[in-house]
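Below are two complexes that have chain A in common, paired first with chain B and then with chain C.
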Partner chain A sequence: MEVTRRDTMVIGGAAALTTILPSLSSAAIPVNELIMGVTGGADAATSGIDLTAPEIAENGNTVPISVDAPGAVVITIMAAGNPLPGVAKFKFGDGAAAQAATTRIRLAGTQDVVAVAEMADGSFAAVSKMVKVTIGGCGG
Partner chain B sequence: MAKGVKPRVKVPKTASAGEMVTLKTLISHKMESGQRKDSDGNKIPRSIIHRFTCAFNGKTVVDVEMGGAISTNPYFSFDAVVPEAGEFHFTWYDDDGSVYETKKKVEMA
Partner chain C sequence: MFSRRDFLQVGMATSAIYGASGFGSFSKLAAQQKLSQDDLLRFDTYGNVSLIHITDIHAQLKPIYFREPEINLGVGSALGQVPHITGANFRKMYGIDDGSRSHYALTHNDFSALAREYGRVGGLDRVATVVKSIRADRPDAILLDGGDTWHGSYTCHHTQGQDMVNVMNALNTEAMTFHWEFTLGSDRVHEIIDTLPFPALGQNIFDAEWDEPAEYFKPYTFFERGGSKIAVIGQAFPYMPIANPSWMFPEYSFGIRDENMQAMVDEVRGLGADLVVVLSHNGFDVDKKMASIVTGIDIILSGHTHDALPEPVLVNDTVIVASGSNGKFVSRIDLDVRNGQMMGFKHKLIPIFSDVITPDPDMAALIDGERAPYIDQLSEVIGQSESLLYRRGNFNGTWDDLICQALIEEREADISMSPGVRWGPSILPGQDITREDIWNVTSMSYGKVYRTEMTGEFIHIILEDVADNLFNPDPYYQQGGDMVRIGGMGYRIDINKPQGERITDLTLLKTGEKIDPYKNYVVAGWASINEGTEGPQVWDLVENYIRRNGIVKVNPNNSVQVIGA
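Let's look at the complex of A and B:
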């Protein structure tokens, strides 16, 4: 097949697109989309869940966060701007005195941290908080 | 088995019946996220603890699924009810199949 000038342009264009697309997909996922992914499209209440995270984290390698959602069965924590948004999923059993937990997470950069709680009655509550990160924690 | 893994937990020795106690756990582990690259630019494969559970006398307190974004030496703090004397059972599940366990007894005050 003879390669015309037009073909070259098309191939070049396609190559440029594929190089741009991966960088797009690794950009931060909208917080709403993350919440919907957990709730399965159901709306989430904005009250009933508390997320404590520092406003500014100097070191993204270990950022202390706490969640508290009275009456929750499952709390999912996500980081919208990480290469993999899933952080942790807490399931609370009968032995838990409070549906609250504290842990330390890694953040790749300044981004929203999202927590979604599934209540015992099947409803959802979600909250997000912006954390500014001075040094990212994903070794990139 | 990952090297130098050492679980540490902080549990009160005594409690009164029905009391709420705060438990703190920390386990030394590298938690290689699978995102880092070595000096040759090759990805270092993921090697993390992906699950942590805590139960009191067989009753689940928390069951945590972890992703690569949990920091090195994963730390958890949470509250549990102590209805009677018994034992807290902490378990960590490593990606490489190892299971790390610790037990702590609680007596009635």
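Let's look at the complex of A and C:
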């Protein structure tokens, strides 16, 4: 549904909610396009990178995510449905004990979170995961 | 040489036969003669370990009526699979005779007539008798509580869960996980946990600030039973801060966290667990998916979605047991655990027929003692129902229709909304409605009834949002409740469409006009997850409505058209 959720809101389970959910982007960039933008058009492997994110965000304004790509020199995080999809770029030097990072990101509605790792040999690995941002309420 | 999987499949077959014969024999028997407690509880003790599972009691200390759902739709891979099979199809699947006790216990048809014949179900004094009987066979049987225990009644609300804590302690509960308990507020939850004689479990209960495992909750506990080491891992309701008011427990974060579940399974195996049990409040479809992802779990004791299944479901090598709700069922699972493996199991879903099982006198006295200070309030008759009042089902139940009508009339609203929760006993036609009955379907710590204006567009967004929490084809994106109940408005829903396209034809019933996305409508509703909601408590509002009407009647509700079922 292409609707703006920017106004004051109400409940999911049927109650008045004052939380402001940012707009549900109707112009999410395709995941593959975001990946290609990082790899410069090269194909990315689907293994070798793990992305941990909640299935449903408890708070869309601060969503905890973790990424782990052994052997990576750079890991790029993107949020496909945010007005500015670029979230973070982690660079790992030779002395890094692990090529992993944890942070919190803000999501403007339900969307795919994308992580792309560039390995030392110049190859890429990518993964995406949908995170739902919901009004909530009504839990059984 | 039998593999472990062969053993499990043999076990499933045994269970299927046993389950069917267990249910079949007493249902046939009941047609000719009175069912005895011995018949109901008969179980040839098996293996070396017994588990007893009870879940989603919702504070129902006394026997009640509880109608199982007529509509419980599955989408995606859940289509046509249990628990998304109801009524005659359910009876056919499990070989249950029409009109039998099992029919009454497990399906919705002819509910009022069968309820008059077979009586009330549940009552924790009867549950105590069953638990004692199992422990007479197997003294070290492990009793596990799947949560949604300290919520759902007048006395539970007024004692802030203490009545249930006292009763569950007296049952010698040995571990527990959580959902509605958190709506008591985290301070009260901590206060109770400090007194519990058993561990409070939840591998997915994390500190919200640091995203680290929470101190108050252990991920797992160990039992040494029957010469085996048994690990029980807790899995609390994953979507607590989304489905319930997060401001009541701001310190905590939840989620499914199946990576951490795998880590915990590996950890307990590394510590020598011969059997790994997950005590879960995920809901059945989420448990099925989790069992397909996490390896090494032997048994999932499944709660939250209130399903009662006479046979377990096997996903890969994991056995999933669903034990119903509201004190209506107890599951017994006997296991043969040898050489670090579950070699076989036997299972029985025991319906708590209150007129068949003799109440345990000590427990009956304890329960009556808990209720005594409130008995005048509880037993006051507010009115009478001409109709069968029930809640369970994906869309409106008659209890919700009554509540929605009360919201519209008492708050002068165009449209009303009532949460799609799955708890709340039923009332038979002609039965008095007491204050206790009203509280059984409404009590909660955030029950105030708001009155506000919403645009038609926003009402549509709410319906789409809740529908996706129920009908998303991926169970990990489901929250496990039912559709928000709507009064004063009709709609059409195509359950197989994506979010944003499921709900159409929103119609204001009083005028027959289409809902205008840009127009404001007055909406009354309860169970807001928002802090600071103002209005009368829903139980007071419903009591006023029933008292004013004297005898209430709920007409058939055809305002929701369901497509794709």
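In this section, the second predicted complex is superposed on the first by the 108 of 140 C-alpha atoms of A that agree within 3 Å, B and C clash if a C-alpha of one lies under 4 Å from a C-alpha of the other, contacts with A are read in each partner's own complex, and residues count from 1 in each chain.
Keep in mind that, in the parts below, a contact is a pair of C-beta atoms (placed from the backbone, for glycine too) under 8 Å apart; a residue touches a chain by one contact, two chains touch by 3 or more.
What you see is a predicted model, and the numbers here were worked out from it, not measured in a lab.
Residue contacts after overlaying the shared chain place A:41 against neither chain B nor chain C.
Looking at the shared chain after the overlay, A:93 reaches chain B, while chain C stays out of its contact range. Residue contacts after overlaying the shared chain place A:132 against chain C, while chain B stays out of touching range.
In the superposition on chain A, A:52 makes contact with chain C only, not with chain B. By the document's definition of touching, neither partner reaches A:122: not chain B, not chain C.
With both structures placed on the common chain, the touch criterion links A:82 to chain B but leaves chain C unconnected.
Taken together, the two complexes place residues 102, 137-140 of chain A in contact with chain B and also with chain C.
Residues 179, 208, 211, 237-244, 246, 253-256, 259, 283, 304-306, 417-423, 446, 450, 452, 454, 457-458, 460-462, 464-466, 468-469, 472, 474, 476-477, 479-482, 484-485, 499-501, 523, 525-530, 532-533 of chain C touch chain A in their complex.
Across the complex, chain B is touched by residues 61-63, 79, 82-84, 86-98, 100-108, 137-140 of chain A. Residues 20-21, 33, 35-37, 54-56, 59-72, 74-81 of chain B are the ones that touch chain A when the two sit in their complex. Chain contact summary for the complex, chain A toward chain C: residues 1-3, 5, 7, 9-19, 52, 54-56, 58-59, 64, 102, 110, 130, 132, 134-140.
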